[in-house]
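Below you'll find the structure, written out as structure tokens, and then a few comments.
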């Protein structure tokens, strides 16, 4: 590989009502860096750059792109060469065409997900020690993208073998087929997870919290603001990844995971943790059963060129409700 | 009134397998004061007295008594006189007939619940500052009894008008009939709650935790010990009482609530908080829907004289699942 | 006794700059109920009444009164009769002469402290479940007054024998003289503490926090607002009372204790905990040595009739820095 | 560079009384992997390998080595070649000569510190989800080494330019000389820090905790076990690194930092945070003044060949107590 992907960097979401979205994301403690009638740019409390979440006002909710940060501009060119060779469609978003960010490369990846890469982004004041401005969940940083794809094996192979990701944990069935996999570039449990399911869709964006009590604070604050119905699942703990988790739905149904509790995965001799499809501790180390919505609903993703919704395919592996997804 | 009830003091539970029970209650951080082949006596970490929970090995799970502490021996005599006048059945358990406690008065109360009163109990070392011995939920003290009774109005009137309890919060229907009421002697939200339901039965015993994180620790520890299935509901927050709650089932199905988050109710001008039966925030300020077991299952209570199970009656007020109980 | 004192109820502080005071108390999460150019009235998050802290703009910092709530107006009359019989000076503040409160009785107590009693106070919205408005230390309620007095024995005897207080913990010297005592009406560790020292002065007002992390949040928020210098001592834990504590100085030097960690003291058979003057764990179970300011500085108190500062007397018992005060 | 250092990996400490050391490290929640009359091997709760702390019984307390993990055996050879070219003394510890670890390369680095590198270490059961076995501070992983060296500039240049470290934060004087620097390989605030001071000595080993409350638990547990005197400084927060910190001294005086609160430093465009030597928030964002011991005392380090103590040199830059070290 001639390129270096650093970490999950930002998400671009289409939302239908900016004010409703603002009420929700403000409550969680996101910091608004900039906004106008069509856009809100949010960063988290440890961010030193402009945004990790871009909300665009549109007619329909959708995911325009999930974005990874790379080391340098040269990495973008190498990535383009790689994707072209692989036969994947790519487009360039030149510097200036998007606020606050350098040029970006977008690709419709092997699963049909709209994935973006960037090296340059504007600086912003880091709020980590502005404690009097922290509120709600005190969201500290973007952590990962969780994607439902019809062919997990294909996604797994591509990210592991072609893009340089490592696997921290995975779920396999009796034939040792991968049902779900947690893959990382930064040495945390994951930057991206792929799960067997109707897709391609974005199941959720994960944000890291500094401590477990901030997750409870998020529940209390959302409920007292009348947003309790936006809590979909949790609090609970996943066996897989050790995440103390809370799943929320934003006003357009985009799913946000708040979590705390992963671990360092820097060591080359760290052996990926295998979870059996039938291990009841895998999905829920403890906590209530997940509602059906959590298994069935996810955000539609867009074509990088046309902006149309990418068509869905049924999963290749048999779908089993309690097991196909964390 | 010529007597002074201080607070919820202890519970006597019949359990069928002491070792299974020990594994469960030890995990929560209860301190074992004494035990033999037939009994285990547990205290909480701030207790200065012998026990707040007595497990007796028996053929069938049941509640032998819920006990209140009173100021002095004279209070017991006054209580006996009061109950006799009221026409309720009472018995004395003389000092020496039960380990570690002075004489107790037992009454089958207006709802048919086996209620006990005592003034004297042996001292024990307080473990509040033995932090290295705290574990699990670090259960700090017994707090309340939650009872399902067929006639909440009758129980409410008796405890308020005859026994000197005050009401902190309650649920009423459109006709202003009391569906559920939280009553206290010590200035917390409650020492006892009565809820409309098939009864008399004990819905749960509530124990107070020193902080919200101890409740999360309880979940983690139970799950890692293989006792995750004993978690029935939560974590979540009740609107009513502001409790950050977790409901557990012990190996015999007795329900234990761990909670944190109430407030001081000492003021005579504190106005009881009224919750409408249809207010969705009442039962669950936030959190998953309670499972059916939580609404339908509770511990049977015994006759103070014969030890037989008290017969159940259907509730007087119409039963509505989402509303009849917190 | 023919009167019933319920609990520590409010404090009236003289401050020299309302805006500076507001910045400080707002940061801690006090809720402003009302204010004008001369006054700010604050309540805590669980308060159902108008205020527990009244700041009055004056030329010099001082304590005008520490106030206890009683059950009824009749209690005030009984208290007046009692104090008159005891030969103490009292005055009435008629209803209407102070905002938001009924008539109050003020007495210059046996130690010379200005103590006030009231039964009636205006209601206010309780913010306990308005989680999105909680901030800083999320101060939950007023808890106690800690007073330096020249004759602890005299204060102890009066509050225990004449005013109906109970003792939870105390420090004694080798001759079993009381050096410091923690006394309560509500069943917590204390509503008032008396310590051997130059006085009468108010050492601090204690406020109860809902959990230990709120205390750490207070430190972070004060520091990030540029108020870090207002932290005088802590965090640490006292052996005596088990308080996880933080001591702050407001802009006029009035000392505020934020704490979490006490226990229920409702039982008549609870034996007061005796701490030896030389037990190093008493003052500081763990934590840094207290600075000299903490031992030497305290707020001056006023004459209930003239408003002049009460003259100071040297303590009767020999002053020992590491031991005379918690 | 032809080698890849991953992270701070282990420390080898000489201690004089294994039982005293065991009582201390057990209290903090370290997991004992193996031990005999001469050695104890400890791992942290997320470790998947044999140990991160090796205590050797010896006549005198000392630091035998601080160790970094590298990617592969080939990295060790490349490192040896690099150090030889640089003129530094190295030795090999062949596989089998030390328990549980592959061959290691030791070097007396540019500051005279005994530094070790390894690629291979035995596996051990990861206790991350064995919550019932977590106790005390629940130490989660080794994080960094903090070293006092006479020439910070030299150490900084070598680790940045020759060994591939990046700088997250640093302190500079008016002439822009580096007084102290926080350097990392894994994307946290640091794997190693160098501070201007008499050295070479090891100031402390830092361990990461999963949440702030575990740090308070550590204080409580140490105090209740009679080890309160081992707490040297804290809790408090550093401006530099945002660490919520606690400094302990083990029975031989080796200093351990427990901390929580850093941030991700993976981005190449993250600009090192510069702190002025005179910024009072740098050392102590909030918290008590550090005791003199914290500035003056540190662990002696040994010659990799002779095992003799490395001679101390006075710092090149003028020593200023409140500023020379965090």
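Each chain gets a letter, A, B, C and D, in the order it is written, and its residues are counted from 1.
In this section, a residue touches a chain if its C-beta (ideal position, glycine included) is under 8 Å from a C-beta of that chain, and two chains touch if they have at least 3 such contacts.
All values derive from a computational prediction rather than experimental measurement.
J.: Which one of B-C, C-D or B-D makes the same contacts as A-C, at least in over half of the residue pairs?
T.: Checked against A-C: the matching pair is B-D.
J.: More C-beta contacts across A-B or across A-D?
T.: Between the chain pairs A-B and A-D, A-D carries more contacts.
J.: Using the average of all C-alpha atoms in each chain as its centre, how far is it in Å between chain A and chain D?
T.: Roughly 34 Å separates the two chain centres.
J.: Find the geometric centre of each of chain B and chain D from their Cα atoms only, then give the gap between the two centres in Å, rounded to an integer.
T.: Computed from C-alpha means, the inter-chain centre distance equals 50 Å.
J.: Per the centroid of Cα atoms for each chain, what is the distance between chain A and chain B, given in Å?
T.: The computed centroid separation for chain A versus chain B comes out at 44 Å.
J.: Pull out every residue in chain C that's touching 2 or more other chains.
T.: Each of 129, 211-213, 220, 223-224, 285 in chain C touches at least two other chains.
J.: So that we know how the chains sit together, what is the shape of their touch graph: line, ring, star, complete or other?
T.: It is complete, because no pair of chains fails to touch.
J.: Would you tell me which residues of chain A are touching chain B in their complex?
T.: Contact set of chain A toward chain B: 212-213, 216, 219-220, 222-223, 228, 231, 233, 235-237, 244, 281, 285-288.
J.: Per the contact definition, I'd like the list of chain B residues that touch chain C in the complex.
T.: Contacts found on chain B: 6-7, 46, 48-49, 69, 71-72, 120-121, 123, 128-129, 140-141, 186-187, 210-213, 239, 242, 260-261, 263-264, 266-271, 285.
J.: Please name which positions on chain A make contact with chain C in the complex.
T.: Against chain C, the touching part of chain A is residues 27, 129-133, 135-136, 211, 213, 217, 220-221, 223-225.
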